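Per-chain numbering from 1; labels A, B and C assigned in written order.
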Amino acid sequence: MSPELAVADGTRRVLRDPAALPRLGWTLVAVLLLWPLLQLARFRPAELFDPANLAAMGQFLSGFLPPETSPDFLTLLGRATVETLAMATAGVALAVLLAVPLGLLLTRSLSVASLGPGRGGCFGAGLRILARGLLAVLRGVPELVWALLFVRVFGLGAAAGVLALGITYGGMLGKVYGEILESADALPARSLLEAGSGRLAALCYGLLPNAARELVSYTVYRWECALRASVVMGFVGAGGLGQLMDQSMKMLNGGEAASILVTFLVLVLAADGLSEKLRRRMA
Amino acid sequence: MGFSLTGVGLTRANGFRALRGIDLRAAPGERVALIGASGAGKTTLLRLLAAALRPTEGRLQLLDSEPWAVRPAALRRLRARIGLVHQSAPIPPRQRVVTAVLAGRLGQWPLWRSLASLILPVDAEGACRELARLDLAARLYERCDRLSGGQLQRVALARVLYQQPELLLADEPVSAMDPTLSELTVALLNEEARRRGVTLVASLHAVELALRHFPRIVGVKAGSILFDLPAGEVSDALLRELYASDGEVPDREEIPLAGLPPLRCA
Amino acid sequence: MKAGVSVGGLLAAGLVLVAVAGSFAYLELPLAGLFSGRVAGEAAGFAGRFFPPDLEPDFLARVGQAALETLAISLLSTLLAALAGAALALPAAGREGSKGCGARAVARFVLNLLRSIPELVWATLMVLAAGLGPFAGTLALALHTTGVLGRLFAEALENAPPGPAEALAGSGAPALVAFLYGTLPLVAPQWLSYALYRWEMNIRMAAILGFVGAGGLGALLYYSLSLFQETRAGTVILAMLAMTIAVDAASAWLRRMQG
C-alpha cells in the first residue's frame, strides 16, 4: 500500500477514542465525590491559621527547646523506655505462642487426610475454616481498641498492652506462619507423614528447617512493629513511653515531649538497625 | 542551518574513547547514511547530533546554535527542533499508541496542553495522519505492549514525524522490520526529508538499503570517520575495510525486491 | 537441605529466651493470675456487657455519620498523601529535575521524619494546630502516610528504567512533562497498589484517631466507654469491623479493575 493512499484513508476514518467516555465518566465521579468528602472531613485549611490554634501550637513548639533533661525526668524516661521494650517483647512472645498452633492448623502440608482416603478430611477442612475466621476477627479489630478494652479490665499498665499485642499479632503471625509453611517445600514433610511419623515430627524435621529463616525474619519484623505499637498503646493507658508522652502533651509540656520524641526516634532507629542486622545474618 | 562538527571527540567516564577527530558537515536538506560495524560509534555520533551527549573535545554546531554554550531553556528549545528515532523504542508498555505519538510535540506545547492530552488526546487526527503513512492507523488507540517489535518501531518513528523536526536523526530505524517494510520505511524517511527540506542522518545496518536511498554515505569505524563519499563512489574494497577487523560481513544478503538494481560490483 | 544449628544460632536463641523471660519478669505480669479463673470470669463478664449491641435508631444514625466521617478521613488523607508523597519521591529518588545534591538528602530526611512519628502523635499535634475534629485526623494521617508512601514511591521510581523519560527530555520536553509521559506510566500500577494498601491501613487508623479527639468512630467509642455504655461501644466496634471489611473489598475491586 503506497503512502499516499494510506494518508487519504487515515484522515477519512479517524476512530473514536474508546477510552474517552470512561475517562470523562471517572473524572466526573471524582469531582462529584470530592466536595462531600471535604465536607464530611470538615476540611478547612483556614482553621490552621486561627489565632487561638496558632497560639497554642506556638506555645507548645516553643517549649520544645530546650528539651527536658532533669535527672528525675531522665530516670522516668529510662524506666518508660525499658517498659516499652519489655511490653513489645512479651507481647510478641505471647503472639508466637498463639500463632504456632493456629499456623499449624492452617497448613495443608501437614494434613494427613489429604494424603489419601480416611476419616477426618472434612473435619480438618472445617477446623481450618474456623481458624481462618478466628484470625480474621483477631486482625480486624485494631490493637488499640483491644488495648482500650483491656485497660478497663486490668487497669492501667503494661498488662493491657501485652495482651492486646498478643492477640492481634497472634492473628497476624498465625496467618503469615500458615502461608510460609504452606509455600515451603512440602515434599520432605509428606514423605515423613507417608512413612508414618506423627504430625509434630513431620513439622520439626520436614517443614521447619526450610521455613525457619522466613519465619524468624517475619517475627523480627513484627517485633519492630510491636515496638511502635507499644508506644501508641501507651496513649490509652498501657504504660511505657506512650503514656508518658500523653501526660506531657496534656500538660502542654513541650520540653518533656521533645525529650520523649527524641528517645522514641532513637529507639525506633536502633530497633530498625538491629532487625536489619538479624535478618541479614539469616538471609 | 544543518550541522557542523569540527574535531569532535567523546571520551566516556571509564576512559574509553568512543569518538575521535570527527569532522562532519551537512547542509540543510542533505540526506546522509551512517554505516559501520556494531560498536563503531554510530549511536554515539547520532546522540551527539541530538544534543543528548556532550562532546569532550571539539566544536559542535547544530542548527546554527552551539548546544552546550547556551542556557538550559535555549537548549530545550533547540532539542525540540531535533528529532531522534532511537534504536529501541523508548515507550512505556502500557501507554497507548496515540499518546506515544503525540508525545513528539511535548517540547513545543504549553504545559496545560501537555497535561490535558494525558486525559484526552488533543490531536488524535494529527497522530492518525502520521500513523497512516506507516500503515498503523488502525492501532491508534491500542496499548503499545500489544504491538510487535516492528510495529513499535513504527510508532516511535511516527512520533518523530509528528514532531516535525528540522534535523531528523534515526538510529537503526528498521532493525526489527522485514525487508519489504524496511524498504518502504527508509523510502518514507527520505521522502519526508526531501519534502520538508530538512536534514536527515540515519544509521543503517543494511548497506544495500543505505546505498539505494541515500546520496551520501559516511562510514564509521572504531570511533572515527573512515570515508565520507557520495553513494556512487563507495567501493566494495572500502566496505570490506569498514567491516574488516571485527570479522563482520557486510549485510549484503538482503532479499531485494523484484525490479530493484542488482548488487553492486566494484 | 541444611540441617543442624550453628553456635551463633543457639546463642541468639538463648538471648531471645532470656529477653522474653526478663520482659515478663520486669513487667511483673501475673501470668498465672491472667489466665486464672477469676480473671477469666471478670473478663467474660466484661465482654458480656457488650452484647446485645445497641441498635436504637438515633444512635445508629450517629454511628452512621461517624462511619462516613471515618471513611472520608481515610480517603482524603490517602489522596493527599499520594500527591505529596509523589512530589517528594521525585527528588528523593534522584530523578528528573532534581539537580543539586541537597534536594535528595532533604527529601529523604523529610520523608523519614514524617513516617517515624506515629499517627497518634501526629494526631495529638494536629489537634493543637487545627482544633478537635476530623480535620485534625485527616491532617495527621496525611502527614504520616506521606512519609510512608513517599518512601515506597521513591523505591519504585529507582527501579523504573529512565529511557522513556530521557528520550522525551531529549526532544525538548520539560522535566515534569517528561516524567508524566515517560516514567509515570511505568510506575503507576505499583504506586496505585501502594496507595490502596495504605488506604486499607488508614481506615483502621482513622477509626482510632478519635481517641485523641480527631473525630470519627474513635471518638464515639471513647465517649461510650467513658460513660460505661458498653452496648453502644459494641455497636461502634461492629461498625469499625464493617468499615474495615468494606474498604478491603473496595480496594481489592479497584486492584482487579486496573490490573
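Keep in mind that, in the parts below, a contact is a pair of C-beta atoms (placed from the backbone, for glycine too) under 8 Å apart; a residue touches a chain by one contact, two chains touch by 3 or more.
Treat the numbers as computed from the prediction; the structure is a model and nothing was measured.
*Asks:* Decide which interface, B-C or A-C, involves more C-beta pairs in contact, and give its chain pair.
*Replies:* Most contacts of the two pairs: A-C.
*Asks:* Measuring from CA centroids, which chain ends up nearest the centre of the complete protein set?
*Replies:* Per-chain C-alpha centroids compared to the overall one single out C.
*Asks:* Based only on mean CA positions, could you tell me how far chain A sits from chain B in angstrom?
*Replies:* 53
*Asks:* Any idea how many Å lie between the Cα centroids of chain A and chain C?
*Replies:* 9
*Asks:* Go ahead and note the Å separation of the Cα centroids belonging to chain B and chain C.
*Replies:* 49
*Asks:* What positions in chain A touch 2 or more of the other chains?
*Replies:* Residues of chain A touching two or more partner chains: there are none.
*Asks:* Considering only the defined contacts, which chain A positions touch chain C in the complex?
*Replies:* Within the complex, chain A touches chain C at residues 36-38, 40-44, 47-48, 50, 53, 56-57, 60, 82-83, 85-87, 89-90, 93, 137, 140-142, 144-145, 148-149, 152-154, 158-159, 162-163, 188, 209-210, 228, 231-232, 235-236, 242, 245-246, 249, 261, 265, 268-269, 278, 281.
*Asks:* Could you list, by residue number, the parts of chain B that touch chain C in their complex?
*Replies:* Residues in contact with chain C: 50-52, 76-84, 86, 90-95, 99, 103-104, 106-108, 111, 114-115, 118, 160, 163, 165.
*Asks:* Touching chain A in the complex: which residues of chain C?
*Replies:* Residues in contact with chain A: 1-3, 8, 12, 19-20, 22-24, 26-27, 29-30, 34, 39, 42-43, 46, 68-69, 71-73, 75-76, 116-121, 124, 128-131, 133-135, 137-138, 204-205, 207-208, 211-212, 215, 221-222, 225, 237, 240-241, 244-245.
*Asks:* What part of chain A is in contact with chain B in the complex they form?
*Replies:* Checking each residue of chain A against chain B gives 1, 3, 6-7, 9-11, 13-15, 17-20, 23-24, 27.
*Asks:* Which residues of chain B touch chain A in their complex?
*Replies:* 96, 98, 119-121, 124-125, 128-129, 131-135, 137-138, 140-141, 184, 188, 191
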